[in-house]
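Chains: A, B and C, in written order; residue numbering restarts at 1 for each.
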Amino acid sequence: MSDHPALDLRDVSKRFGARWALARVSYTLPAGRSLLLTGHNGSGKTTLLRLISTASFPTAGDIVVYGDETRSARDRVRTQVALLSHASFLYDDLTARQNLGMLAELLGLPPATTVPAMLERVGLGGRGDEAVRQFSAGMRKRLAIARLLLKQPKVALLDEPFGELDPAGISQMEGFIRELQAAGTSVVLATHLIEQGLTLTQERLHLNQGRRVDP
Amino acid sequence: MPYWAPWVLLALVALLSIVHLAVPSTRAWVWKVLAGLGVAMIAGLLYLGLVWAPQEAFMSDVGRILYIHVPYVWACMLAFTVNVGAAIAYLFKKSWVTDAIAEASAEVGVYFGAIGVLQGSIWARPTWGVWWDWDPRLIATTVMLLSYVGYLTFRSFTEDAERRATWSAAAGILGYVSLPIVWFSVRWWNSLHQVQSNASTLDKPMRVVLTWGEATFFAFLFVFIYLRYRIARSRQTSALELPPIDAPTGATAS
Amino acid sequence: MTAPIRTPPGLLRSTWLVLRKDWLIEWRTRARLTALIFFALSTLLLFSFAMGPDITMLRVHAPGYLWLAILFASTLSLGESFRVESENQAMVGLVLAPVEPRAIFLGKVAGNTSLLFGLSLVLLPVSVALYDVDLSRNFGMLLLVLLLGCIGISAPGTVYSAISSNARARDVMLPLLLFPVLVPMLLAAVSATKFALVADPQQQLSSWVKLLTAFDLIYLSVGFLLFPRVVEED
């Protein structure tokens, strides 16, 4: 692959108002490895994932994804990174097929072939023409992971991917994560299900009140 | 009296304000000098405008409101120009200083604009027989005023300080850009209206008083913006300045 | 997994995709669209009730009523256009996809313009019925004026809507920020519409159309420059 690490956090801090959500976090994730991100609610996991995804930028410090700094090279980082967040990024008024179709075209993929296959893959084959507004939380999660899989990122950022899923959905999600890893994607996984997370990843980063804590 | 005398006073006020900002040890006495200068300039304007200047031929004594109305409107426009300058500077380089200047100048500008429009209305009634008139200057000032009232409301309705700074900078620029278009559209809308008075249609004594008034109120504008800027800065400091980050607990090596 | 060949779209194609997405949403929520049209229609009707049955006066003031109806409807449609984007943070998803924010701006302006232009086309025959105006005098120019006016509302409106969708009391914030800026656009659009409907002895129509075009170009370029800063976090 490349000489660069998948992820290089250099003294990253992020401030919201008067509160430091992240304080001087430094960490390096080697290329191709996957990372388990743990910590209590409000420890900064979501903030860190948003910063890596370029949805937001650090107040101080740099984040480098495969050699590209997020602020200055955000266009290149965005083509390599995909985020599965608490917000689904879906248009509720469109159907599942239309949501994925638009994304496929924006990514430069042929929607006619990729979208039906992807809907099948996440188990929404029969529901593709329903408006997302009618979907349950679990179905939305499946569609959101379909958005991420469609992009085939080099770094996949998953924020609580197992939340709102039934047991079958959870094992399916594990399957998706393993597929991503088999294709060479580095997965950054933030979850409270530590047991599950440990079986899926090689590295671990624990955050406590925005600071890195080594166990 | 030399024509440029009021501008010297204005420069003095600006200089002293900068001293006040830069050298904290001088603040106690600089403040008194500034206040004295302000009183002197106002007193001078009152004397020149009400006693010294001859009565204007067409407008009787009511016309004397011109000496404060015109400076107020100019001060308002100047404040909004400062605001847009600060907004553009902020968008180029993020800085809390320019955000504070933008906030200060917008608020002071709204004050000067509101009083200025009110004075214009008082002037228009006996002069033109109406409270309101399709005068481009009046409309342009009013539109800018409304625009900046929206700007200030927006600022107070947004919590996230960093994003508020960016968003309000954009809102300020969008509002200011309409100024020349408002001007032209109102002129065309009502092209039958009287020729606008400018320096060449004014008598020499009137021009002297007007200059004095402009220097006086620009001095007040400058000091007001400076004071409001310090309030904005201190609010930012209490909201944003943080205890130093304690040394990372032996965990950064990687 | 074999990676299909990707050809990421350029600015124009991204703009088109954003616009098509907006049209698709409008079509799928056409009940909302119908409500908007009836809102504008009842505004027109209310003006004629408020002014009484004097048909000569109504005819003279018809351009003003028409534009006020469009303006009031626009605050609803502009607000809705960004409510859709902030739901589920869909616009963050677009930016990260990645779509160039400038393409989002152009697409949203085009979407809002087309919606308002369509609305004004519906309002025209109703104006004929209510105010007895004569559309046939200079119909081509009338359409041009309507289009330019709708761009004039949408260009600053898109930026202001993106800004105000994040503030408290956003439904009040949008008109509070937008209306002052639209004063010259309203003057120009009403004057131009008037001279397209009635006699224009002093040939004033073209200068108003020029002013309207200048307004559009200024706000399209300023919005084009500012929009990326508005939607991207620092």
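Rule of thumb we're sticking to: a residue touches a chain if its C-beta (ideal position, glycine included) is under 8 Å from a C-beta of that chain, and two chains touch if they have at least 3 such contacts.
Note that the structure is a prediction, hence the values are computed from the model and not measured.
Trainee: Going by C-alpha centroids, which chain is farthest from chain A? Tell me that one.
Mentor: B
Trainee: Mind having a look at which chain is the central one, using mean CA positions?
Mentor: Ranked by how close its C-alpha centre lies to the overall one, first comes C.
Trainee: Please compute the C-alpha centroid of chain B, do the same for chain C, then give the distance between them in whole Å.
Mentor: 33
Trainee: Return the distance between the CA-based centres of chain A and chain C, expressed in whole Å.
Mentor: About 36 Å, centre to centre.
Trainee: How far is the middle of chain A from the middle of chain B, if each middle is the mean of its Cα atoms, in Å?
Mentor: For chain A versus chain B, the centre distance works out to 49 Å.
Trainee: I need the residues of chain B touching at least two other chains; which ones are they?
Mentor: Where chain B meets two or more other chains at a single residue, that happens at 159-160.
Trainee: Going through chain C residue by residue, note those that touch at least 2 other chains and give them in order.
Mentor: 233-234
Trainee: Sort out for me which residues of chain B touch chain C in the complex.
Mentor: So the residues of chain B touching chain C come out as 91, 94, 139, 143-144, 146-147, 149-151, 153-154, 157-160, 162-163, 166-167, 169-171, 173-175, 177-178, 181-182, 184-186, 188-189.
Trainee: Quick check: in the complex, which residue numbers of chain A touch chain C?
Mentor: 53-57, 74-75, 78-79, 81-83, 85, 87-94, 98, 102-103, 105-110, 113-114, 131, 147, 151-152, 179, 182-183
Trainee: Which part of chain C faces chain B closely enough to touch in the complex?
Mentor: 156, 159-160, 163-164, 166-169, 173, 176-177, 179-181, 183-185, 187-188, 191, 204, 207-208, 211, 214-215, 218-219, 222-223, 226, 229-230, 233-234
Trainee: Could you pull out which chain C residues touch chain A in their complex?
Mentor: For chain C paired with chain A, touching residues are 1, 3-4, 6-9, 14, 17, 20-21, 24-25, 28-29, 84, 87-90, 92-99, 233-234.
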